[in-house]
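Shared chain: subunit A. Partners: subunit B in the first complex, subunit C in the second.
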Partner chain A sequence: MASRRRTLLKVIILGDSGYVNKKFSNQYKATIGADFLTKEVQFEDRLFTLQIWDTAGQERFQSLGVAFYRGADCCVLVYDVNVMKSFDNLNNWREEFLIQASPSDPENFPFVVLGNKIDIDGGNSRVVSEKKARAWCASKGNIPYFETSAKEGFNVEAAFQCMAKNALKNEPEEEM
Partner chain B sequence: MDETSSISFPSDYPTIDPTSFDLVVLGTGLPESLLAAAAAAAGKSVLHLDHNPFYGSHFSSLSLPFPPSFLHSPPLPPDPSTPPSAPSPSSSYAAVNLRPHRLYSEIEIAGSSPEPSKAFLLDLAGPRVLYCADETVDLMLRSGASHHVEFKSVDANLIYWEGRLCSVPDSRQAIFKDRTLGLAEKREMMKLLKLVQQHIGSGDGQVAATAEEAAVGISAEDLETPFAEFLKKQRLPPKIRTIILYAIALANHDQDNAESCKKLITTKQGIESLALYNSSVGRFPNAVSAFIYPIYGHGELPQAFCRCAAVKGALYVLRMPIVALLIDKESRQYKGVRLASGQDIFSHHLVMEPSLQVPSSVSHSNTVCEGLNDSNLIGYAARGVCITSGPIQQGSSNILVVFPPKSLHSGQLTTVRALQLSSNVGVCPPGLFVVYLSTPCNDVILGTEYVRAAMNALFIVPNSDISEGGISTSDEVTEGETRPTLLWSSVHVQELTQASFSAVCSCPMPDENLDYRKILESTKQLFTNMYPQEEFFPKHSTSENAEDDSGSSE
Partner chain C sequence: MKGISSAPGDYVHFKSQVPLHKISIGSKQWRYYDFGPKSVLPLICIPGIAGTADVYYKQIMSLSLKGYRVISIDIPQVWNHHEWIHAFEKFLDTINVHHVHLYGTSLGGFLAQIFAQHRPRRVKSLVLSNTFLETHKFAAAMPWSPIVSWTPSFLLKRHILTGIHDGPHEPFIADSVDFVVGQVEKLSREDISSRLTLNVNVTSVGPLLLPDSFITIMDTNDYCAVPQELKDQVSERYPGARRAVLKTGGDFPFLSRPDEVNLYLQLHLRRVGVEAKPALLQGVSGDGSSGSSSDEKKGGGHLDKPPEDHGSLGGGDGGDHQPQASGSEVHGLDEQFLSNREITSITLGTSFFLMQAPYIPSLLQFYMGALYVTWKRRSEFV
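For the complex of A and B:
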């Protein structure tokens, strides 16, 4: 394998309406009206191009088509730490993904969970604790967990790195 | 895509907010999806609904069991006699219940359906491909829909001639290499190809638009004559004429039978098709023939355009039937739609899929809905879907086979086309093959007979009763031994309905053609009819579709 090989990875972002759409992308860069955004990530000696797709609002009435899920290399599940229902629905989104995308090895498919908007109201309106979120992630095969904030782009880079890393099948999965 | 879940609609329909839109689109077939995406791109607010839990309507690709339930019985919905919410007597509009229209008939299934059923993705609108140089491909590139669909090349184009399959020499190299043609035949064919290229080259290279003014090489008079006569005039032998007419120009009807043939291709049309074919071969370096097929089936195309629409702000609600149109009591103008949830949604324009119709009693007395009746019917297409144990031709994956008129038997008036697809386009498990067949017809019995005759020519059909009523074919052909076994098949007849233009637009059904050109044309007309000021997918909208940060960060 050439060491400088460029790998294209399709990353899809799922989560409850209003909490996800455009929000996560906006932390990195405003993408109003964009189909997907691309992000270059270097991991070890390899260069990855992450093609990050959000749901474009089609999740609002559970109307995502199967084409959206096809060929995903990584699935990012996002919830709002200030909204309990968005956390409760993570399980539904995970299952929906596994049904629709039907990955060949569902047990080891790389998911990443993001707890979003930790900076809102100085963290005072937070209803889902980090501990609770991490416990759920652990119960689903140790899904890597990150907390992010819209303000600073906090942890977003780390999440990108993790996606690249996990999408590499041979890499051992561990939290960063 | 889960067909079983489509049977039970959720009882609690969501409430849609806002309640007023520029455009409401019912159904997610390709024309509807193109219109939603084009309108959203033009800045219109769009609500796009489908009663099915999946995208694509009559253009979808579905798992087994096939055909899906909605082919047997058209959609709809709650009992129209008991509208979920009674309109208040003081309201200024009346609710007119929509009538479901049955578009499929003569459905016949044979064989046991193969497992695993989920591994199959069967096109409702098959056989269908895109020309590499097709306007549909350009449109996908322009709209960004191309980000969502990948294509694979159709490997070969074959023609059924004198009881056997021959490859279609469709380029200079192919003609040069062909072993079945004599030297004189090759020379004649090369001459024609050159003539077409000169003719097209004398314009500005634009295939469709300029053929009339660019008459170098072919006289204006010749352009209006039937293409079949023109080819005779070029002294081309019968086999070459047949290949050009039916395998390259893709004529649907017998071109040598002026009386019974309703559509004689003019030389102008024929030359345009040849030119399109010619520019398709080699347009993409990794496409070996003129045609490409979307990986995972044609159902990907509407989904791609729906995503384009969603990205531009269109609102999507699957599993949402419509029960009625809302018509202004005084002006008799279209006002909006009533959803199965009982919610009323208002819009300036409405686009509907063809299985929904306005009752004729209303449409006759109502100028708004003029044209929305059975007169949209222009004919039928008989379609077959087959699953086979092996390829039609050894070593082949994705191939097109054309049965020109009279090739299956002397009374055959229309072309039968077959498209074989393999697991490398993601539509079936490895080792098995999906073959689509279709032919246009006026007589549904005759149409299904032609399809069955072609099936008998291509496959070993295990149950003899499957071919009963079929036309006896030249079964004793030498290659009989190598034919694959037919494991499962579905044959049905589909109505060909065309688009209708009024304040309430009705979209066309998948047509009898192999490509999307005609469907795209009528979709563009529907768009222009609604929004005369707007451009259908303006060219500048592409660049912002994919935002790439790689340049700035390095």
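For the complex of A and C:
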């Protein structure tokens, strides 16, 4: 068992503003427009490696090409609760993803939605209500929804757990 | 093996574009490619036992188009690690390269680490793929290693090929195996026996001065000839290294998953501060905007700090084409151009595979024959 391969789950983050990019310490540059980090997540006694790809809010992320999307297990759509346009764009991002990644079963492909930056200005600058966001998620086939603050790490762990769980549902038992 | 005559289309293209260099330094013959702008610190690709400089042709084509300099080498005929270090150092001196970034796969990754350990000032970063820290296990699995230098060529080749996973492959991996088999056919007996000797000389990689943050570990998660526990040791040795895992790809992801590998290599080079110089691209992409003037940064001394955000990321929100962002414009076009090209080559590859279908049984037979020769399969081999 010791040498058993870890399950690798590939998670793609899309949205108007990069989500984890703060953790990437400004390493983005215009030339590639994406970066990734890996994170170990324990879920139901199994250890997973989440490989999380972030697009840094690139609108022209299509240019990243097939390598970026290949084998995605979960897509995380992020918006900024303080910016209405970022919420309105969720639908575009979702459709863009389905076109680019063309998963075999688009109806059941696991998405997760994150309402981010809830900490800003003590929540006073918020323009998208949780209710509104949840309603949209429900209309798209009950996408799990989390409110997070990447800066303070609030709820981030729960979101990662959910990504692992959802991605896993679609993961076939891989055999050699 | 007739496979060589029907080489993949993009390889034919590569051969028509990129000159192969052959030089002798002392008693050593070097066979290598060197492509891309000479003012950029090179990424040097070091193959495993079954590889040649040619196996990285997809990296050379793609990354040089993006403004990186890529060198790929054949492992020369060296018989121990000290000889390797000296020979490689002389090679670098001869081609006038001082600092390098190394990308090594299997045995090549091991040699890259050895070189980084003994010549810490020259190696600026490492990309280690499906590799290991020590050769004890291979030595134990190959008790006939003392007679390697007397073993006939065909037996050595069969031995090498038995290390390659021979289950049913998806087409891209099958193509990558075909390509490597074709390359192995070109190796001389001395080439192979020297590599086998390197692989079983009991040595291990000592501590590196290079910080983990300058290391990317790029393993395939499906299978490869290097046992998982040896790969795990590499990850444990460099806990701060970046883990660029490929879900699938087999033994030769640089051939079977070139777009992913190239993306990882680009991300690695960006992270360690290599500035690409895509100015040469202007002609290719047909983008007339001035880009050459933006190459003011010199290569030296930028490794100390991570690359700054150029602030042009937001260029997308207005769709405005500022001069500053022109580099990325060119890049975007190039990327599309490239992915189109890759798709074309992938299609070619698939049909190539299908056409070869009747030929598969004979290949299998070949593998089966090889089984007789070696007693311990897998794990023995790289």
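Convention: the second predicted complex is superposed on the first by the 134 of 176 C-alpha atoms of A that agree within 3 Å, B and C clash if a C-alpha of one lies under 4 Å from a C-alpha of the other, contacts with A are read in each partner's own complex, and residues count from 1 in each chain.
Please note the rule applied: a residue touches a chain if its C-beta (ideal position, glycine included) is under 8 Å from a C-beta of that chain, and two chains touch if they have at least 3 such contacts.
Note that the structure is a prediction, hence the values are computed from the model and not measured.
J.: Looking at the overlay, what does A:84 touch: subunit B (first), subunit C (second), both, or neither?
T.: Neither subunit B nor subunit C is touched by A:84.
J.: Looking only at contacts as defined up top, I'd like to know whether subunit B or subunit C touches more of subunit A.
T.: The partner making contact with more of subunit A's residues is C.
J.: Now for A:66: first (subunit B), second (subunit C), both, or neither, which partner does it touch?
T.: In the superposed model, A:66 contacts both subunit B and subunit C.
J.: Determine, under the contact definition given at the top, whether A:158 touches first (subunit B), second (subunit C), both, or neither.
T.: neither
J.: For A:35, using the defined touch cut-off, is the partner it touches subunit B, subunit C, both, or neither? Pick first, second, both or neither.
T.: After superposing on A, A:35 lies in contact with both subunit B and subunit C.
J.: If we overlay the two complexes on their shared chain A, which of subunit B and subunit C does A:8 touch? Say first, second, both or neither.
T.: In the superposition, A:8 contacts subunit C only.
J.: Touch check for A:127: first (subunit B), second (subunit C), both, or neither?
T.: Neither: A:127 stays clear of subunit B and subunit C.
J.: Scan A:49 for contacts with subunit B and subunit C and give back first, second, both or neither.
T.: Both partners, subunit B and subunit C.
J.: Jot down the residues of subunit A that show up as touching in both complexes, subunit B in one and subunit C in the other.
T.: 29, 31, 33-36, 38, 49, 56-58, 60, 63, 65-68, 70
J.: Under the touch definition given earlier, write down the residues of subunit C that touch subunit A in their complex.
T.: Residues of subunit C touching subunit A: 66, 165, 167, 221-223, 227-229, 232, 242-245, 247-248, 257, 259-260, 262-263, 266-267, 270-271, 276, 306-310, 312-313, 315-317, 325, 327-328, 331-332, 335-336, 338-339, 342-343.
J.: List the residues on subunit A that touch subunit B in their complex, please.
T.: Subunit A residues touching subunit B: 29, 31, 33-40, 49, 56-58, 60-63, 65-68, 70, 99-100, 102.
J.: Which residues of subunit B touch subunit A once you look at their complex with the stated criterion?
T.: Residues 1-2, 14, 16, 54-55, 118, 144, 147-149, 296, 299-300, 303-304, 306-308, 310-313, 315-320, 544-550, 553-554.
J.: Applying the document's contact rule, which stretches of subunit A touch subunit C when the two form their complex?
T.: Those in contact with subunit C are residues 2-6, 8, 10, 25-36, 38, 49, 51, 56-60, 63-68, 70-71, 174, 176.
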